[in-house]
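What follows is chain A paired twice: with chain B in the first complex and chain C in the second.
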Partner chain A sequence: MDTGKFKKLNKYHVIFLVHCSLSGIALFSLPYYLRHVGYNMWMVLLIYGVLSSLLLKVILQLSKQFPNDTFYVIMEKVVGKYVSKLLHVFILSYAIVQVSNIGKSYVRIVQSVTLPDFTITFPALTLFLVMISIVNGGIKSIARFCILSFFLTVWMGYYSNWAFSDANVHHLYPRLHEYHMIDWLNGLFEGSQIMLGFVLIVFFYPYIIDQKKAFKHAAIGIWSGIGIMILICIASIVYFSIWQIEHLLYPLLNLFQAVELSNVERIETMGISLYAFLVLSKASLYLWVAKKGLDALFSKHKNRTRHLFIVNGISVLLVLGPIPLIYQTFLYEKWVIYWGYAVILLPLFLLIINHWKKRKKGNDGKEASAS
Partner chain B sequence: MTELLWKWFRNRILNTTTTPQQNPTKEVPNKENVTLESIKTKLKDIDDAQQKELTINGEKVVLIYISALVQTGTLQDLIFTPLNQMEGKLPPEHVLKNSSIADLQDLQVLINDIMSGYTVLYFLEREFVLKVNTYSVNERSITAPESETTVLGPQDSLTEAINTSLSLIKRRIRSANLKTKIFQMGTETNDTVAVLYMDHIANEENVQRVLHRVKNIEYQGFVGMPIFKQMLEDKPFSPFPQHGISVRTDYTTEALLDGRVIVMVDGSPEAAILPATFFEMFTTTEDFYNRWTTASLLRVIRLGGFLVSILLTSTYVSVLTYHPEMLPPTLLLMLSESRTQVPFPPVLEVLIIEMVIEILREAGARMPTKIGQTIGIVGGIVIGTAAVEAGLSSNVLIVLVAVSALLSFLPPNYLMSNAIRLVRYGFIIAGGLLGMYGQIIFFAWLMNHLSNLTSLGSPYMTPFIPRQWTDLFNSVFRAPINFIVTRSGMSRAKKQLTRPLDEE
Partner chain C sequence: MKNLTALFISLLFLLSVSGCNVQDFEQPSIENYGMVGVMGFDVAEDGYMNVTVTLPQPEMDAETKVQKYTTTVKSPHRAIMEASTKSEKLLSTAQLRVILFSEEFAKEVGVWEVLENLYRDPRVGTNSFIAVVKGSTEELLSGEYKDKPNINRYLNQLLKPTTITAFSPFTTIHHFIRHVTSQVSDALAPYIEKTGDSIQITKVALFKGSKMVSTIEREEAKIIESIKRNRKTSDISYEIQEDGRGSGEEAVLVLNFIRSKRDVKTNGDPVNPEIHVYLYIAGSVVDYTGDYNLDVEGERHILEDKLSKEIEAKLSDSIQQFQELGIDPLALGDYFRMKDRGEWSKEYWNDIFSRAEITVHVEPRITSTGTIY
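And now, the complex of A and B:
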């Protein structure tokens, strides 16, 4: 009975919120994003895991200093009212673009595979309507949905069985000598969009009940996500040739197509549809962040349902609106990654500024007491 | 969204009807003094209100009662015989041991008592009033629970008479820890409402929440417990019942021992169980009468049946409309052949047949039992066969609809069964609009809705959203009885263990 309680996220909520913030629609193209390193892609994921855990440790240092404040409030406290407003707009825009990016990418796959006779309008509208109902229940509603999503979709991992039955395990041997540093950096850059989500913990940190163990629980979420990604990558590595890895845009779809069941064919239709759960959980988390941003900007952090409709409406417009393809490509494939890097680095900058401010305050205090 | 709808509706009603100040639903009259004239005025035009003049110890007394609520034999036993056997000049209040002296300052209370079966003796010379509880009406006897039958276990059920129902519970829990709070509810009906809980087990917050909600309900009257129960729910807009409801004495007793709060209304045989979970709508007490293996199997069937029931016919629609490539060629060929003469798209075909089944069910439920059975059989066989032969439906669909209709009746809770049937239409339409993607999107909405529902503020989806790990021993899998040692997490009981575990 935690209605009205501020701290409402238990350890399971934290684990699955972080887990679901990682995967999402990018999982469909993960082996494609990591194609630059060929069959070494599973090692890139391990690097992601280590980097994310280290960054998480540092990011949470900031949250620990403001245990009852969301990231938006922390910004106000650290950099002041006016600069923080600019940063609010920056994060709010990033969250909205992410929601659109996730929604649009997913709906396009749905349209191309399961509903080829439809435009994306109606499927997109239904997706965003369900998103509203999830976010309307608050962060705990999203956390519960993340848990449900995980258990309703994780069983699909069983279908990798068919890929492994035709496996060439020699592909798994590390081939470090075949790739240059630039290939590794390209792979790390393109694939990083699947790992950017964990930073959202700074937004729901004040709602966590056991904040002392937040790092541990979030790290479990990160590594469970990495585990699933490694499973997908290994299935792709052993099943596909190098040429296929370099040219298949949605390798996960092709893995689905390898499935042979006696009573159902084209299992990818069901797989893609069921994937809506993972898409909804990740997009809802970003939508919640965007909504909180609007709350911070226009209602002094007070909860306003209309803000949810506004950010959702803007996201829908970005998906369905008449935006030239060149801008869309630029926005969704390039900018959003740089944007994500900036959002990840922002807590680090705030941590440094806050440290500097504290130090300055301490020195001023000493000088005042000395005089 | 629902709050906005409710606000609009409330304002609309307030604007289009008289204001509460002009026509209050609950009249709060000033206290009026009790006189014979005022009683007669209040009882005017009530033809079964009886008034008899007697002389007791030389003093004129007027006897007032409602003949519909008081049997002559009771009147004789409790009033006339003691008065006839009275010796000497003993005051009547000493002779009538069950009597109490009425408050002459509050006419409304006295009138309420008369209307509840009390007999009033008005002593004219002394301006003194005695009242005796002579309520005696014919009540339905205790019978087997027709709507919640079990093969094993007790075969008695709660009745419309709240005292009988209370006695059925209290004869099972002979403990002073079983507390009973009685309220008079309903501005017009003055119903008796009882709230029961185990003082040393039930969560204090739960008890206070129920008492608070009960006290704050203002309504003209409750013709049945299901109405009262809806007013106690957290989210009245949801199609799903958020509290348990049962006429079974064993189920109610078990709930009390688990730390739940029970609410009963006089005139309705059901007991509301608060809080309750979604999963409990699929369980019966018979799960504990059966062996754990059988009980687990039955629970899997009931929950699996729920999923199949909501998804079966909608999958038929989505696969045939949008994803025929999902079917193996032989199955696709068979379905295509069976649909060759059907002129409707699959979604319309399914909706027609589902409606026919729904109509048959409703007709069977409203008709006398024997005719209802006949209608069910005749309708099922004749209409089904005729629909296929006439080319209105494929024979495969008849099988699917029949199976999903049967599965929807698996949950022991009737309200859940109804909710499942309603939700199924949502899936069919979603499947018809957007195929499998539509089904999943609707399923996502449903899961989100269910996970946000609460019963008395606790998650409705417990133990799927676990409150404590021991809940898993009494979930889809029902563990052997020696593993059931803790009360459910949903109850948040004061005492967690049901039996000591630290004994040698």
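And now, the complex of A and C:
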């Protein structure tokens, strides 16, 4: 664990932490999640960008009021010891489920595409062991890993060139009237798992050196993420028919399959391997949040490495344990999204309570001075 | 010390979990795999299909260049499973390059079910080519092509788009499925047949949905490809009736196309649909057996006009054939759809297309006559 200065995240760390907290493994399935609105899917991403920027602005208002406290401490200060414990458990569980969700999704892709003759046990364990190593170095270690992940994976965007060379640009023409409000809501709901991660800034805000510019840097992270997602969506729109978008679970793999190089075949296998970096950076961030949650619950916010092993162990069990498929489907495809919404709304809720408390305190102070 | 304990616990956990993985068969190494290169589908009785697969022959002293297995099954992957029981290799679809359908299969059964199942398999590359075969695919794959590489490489190279054969380059699994499921277009595929010691691409198969309905000539398909997108097309050959020549004495003109540009205008009216297709092509003369002096600008323009009329006539005939068949391999629906706000579906478009008044205007330009006039 990095025991250097408490304020340790520079602007690049913030940008890439927020960037990597977004899409992660969901990039593989992004067009599938947004299939409800067909070729209009790129507009959904713009809506996400605007919504998350607005929410970020409001969420950071809370963090600015407690510049040296993590979100767990803020909860204790705002809603008191007992209610905050409940909220800690709520967030801790959410973070653990997210870690398993990301890990499970990735090993499933690896198993079905790269290692079809193997069980997921070994890849899953390997993934989670690497995660421990990253998180053990603290938030700065995760931030550095995010930067590394970005530069190791972003060049894969060049391969979208093949899809564009065979593009039908007419697909980009908006067909808004073909979709109803319910389709847009379904698309917004199912695709929102790619945007839930930006809220994690409230957990690492106290470690940011230049907190005054945190919004600007986080917004850059959000919009760079949105930019990459829009690129993938546009490549899919021009390359696939509506039927393909509705039925392909991992359209990004099919986009990679379009690539024809003289010296490399099946570039998607390399893509899957490289995307392990994105998966690890996002999952590590959630694992760090879960570990901090356990620290808050059981060691009064003091750093305990064993907590990292515990949350990691629970995540592994969720991935490899005998959970019936029907519960897994509900947990990973529905509940985790509602849970994410609640976690995003929590800072807003705390901001209102804090504002109300301050106001009450102010009124009480005035009454006391008047009497 | 704490770190050592953590490491020990992790290792213990790892070892205990590995016990869950039951290894009741030997994991094959790469040498044990037989990589299927070509799959051919023929009609069999009672809803079955005859599937022929070929894979490279690993034995240097074997008499044939490829191993070939034919099975009668109901799905493509069953064929791989059945053939594996006959082979010393574990057959895999990871290197599948070419999928062939007999004409009978493509017309009567349709190719959708097979392609959908192959598309589902992540091991099968979506760049695998598909083609329709005259006669049976088993016969074609059993043929002897003495001066050619093994059939897997031969077919793969043959169907790969080149400047000469690029009349219908988009016949991979991905492209076929894209067109079959598209709401505005229909699919094409190369039509091949055995001619002596070779396999030749003789025509282009037209599909309505997933079933083959007819064929068109290669030269027509080249122009269709030019209309589908702005692109460099392959060499094109036309026979032109020149003044002073009798019937059957047409001059041959072969053009090496440099570029083509198309423009499509529609009125967007589903009741009285009108579509106007403009095609601008530029190319250099490779072969010319006529009497016009290409050195003289005026005579070159006359030749261009005659070529224009020739292409327009053939293209109009093709479009009329497409309208009668109720298919749109030109993907003109993309343009119409931009102006139409109706509830869109393939049936909706095919209905409009078959009633549409379509005009064609082709402007060829000879930009070069090579190194001589």
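Structure notes:
Note that the second predicted complex is superposed on the first by the 368 of 371 C-alpha atoms of A that agree within 3 Å, B and C clash if a C-alpha of one lies under 4 Å from a C-alpha of the other, contacts with A are read in each partner's own complex, and residues count from 1 in each chain.
One rule holds for everything that comes next: a residue touches a chain if its C-beta (ideal position, glycine included) is under 8 Å from a C-beta of that chain, and two chains touch if they have at least 3 such contacts.
Only a predicted model underlies this, so the values are computations on that prediction, with no experimental measurement involved.
In the superposition on chain A, A:Gln244 makes contact with chain C only, not with chain B. In the superposed pair of complexes, A:Arg144 makes contact with chain B only, with no contact to chain C. Contact with both chain B and chain C is seen for A:Arg266 once the two complexes are overlaid on the shared chain.
Look at A:His170: by the touch rule set out above, it reaches chain C but stays clear of chain B.
In the superposition on chain A, A:Val110 contacts chain B only, with no contact to chain C. In the superposed model, A:Leu274 makes contact with chain B only, not with chain C.
Of the two partner chains placed around the shared chain by superposition, chain C is the only one that A:Thr119 touches, whereas chain B remains out of contact. Legend: residue contacts after superposition of the two complexes on their common chain; A:Val130 is shown touching chain B, with no touch to chain C. Of the two partner chains placed around the shared chain by superposition, chain C is the only one that A:Asn254 touches, whereas chain B remains out of contact.
In the superposition on the C-alpha atoms of chain A, the part of chain A touched by chain B in one complex and by chain C in the other spans residues 122, 129, 265-266. Chain A meets chain C in the complex at residues 112-113, 116-117, 119, 121-122, 125, 129, 132, 166, 168, 170, 173, 175, 177-178, 239-244, 253-254, 257-258, 260, 265-266, 305-306, 309, 313, 320. Residue ranges on chain B touching chain A, taken from their complex, read 1, 205, 322-323, 325-328, 331, 433-441, 444-445, 447-449, 451-452, 454, 456-459, 461, 465, 492. Within the complex formed with chain B, the chain A residues making contact are 1, 3, 110, 114-115, 118, 122-123, 126-127, 129-130, 133-134, 136-137, 141, 144-145, 147-148, 152, 262-267, 269-270, 272-274, 276-277, 280. Residues 2, 6, 9-10, 13-14, 17-18, 20-21, 27-28, 94, 122-123, 125-127, 170, 174-175, 177-179, 181-183, 229, 331, 334-335, 337-338, 341, 343-344 of chain C are the ones that touch chain A when the two sit in their complex.
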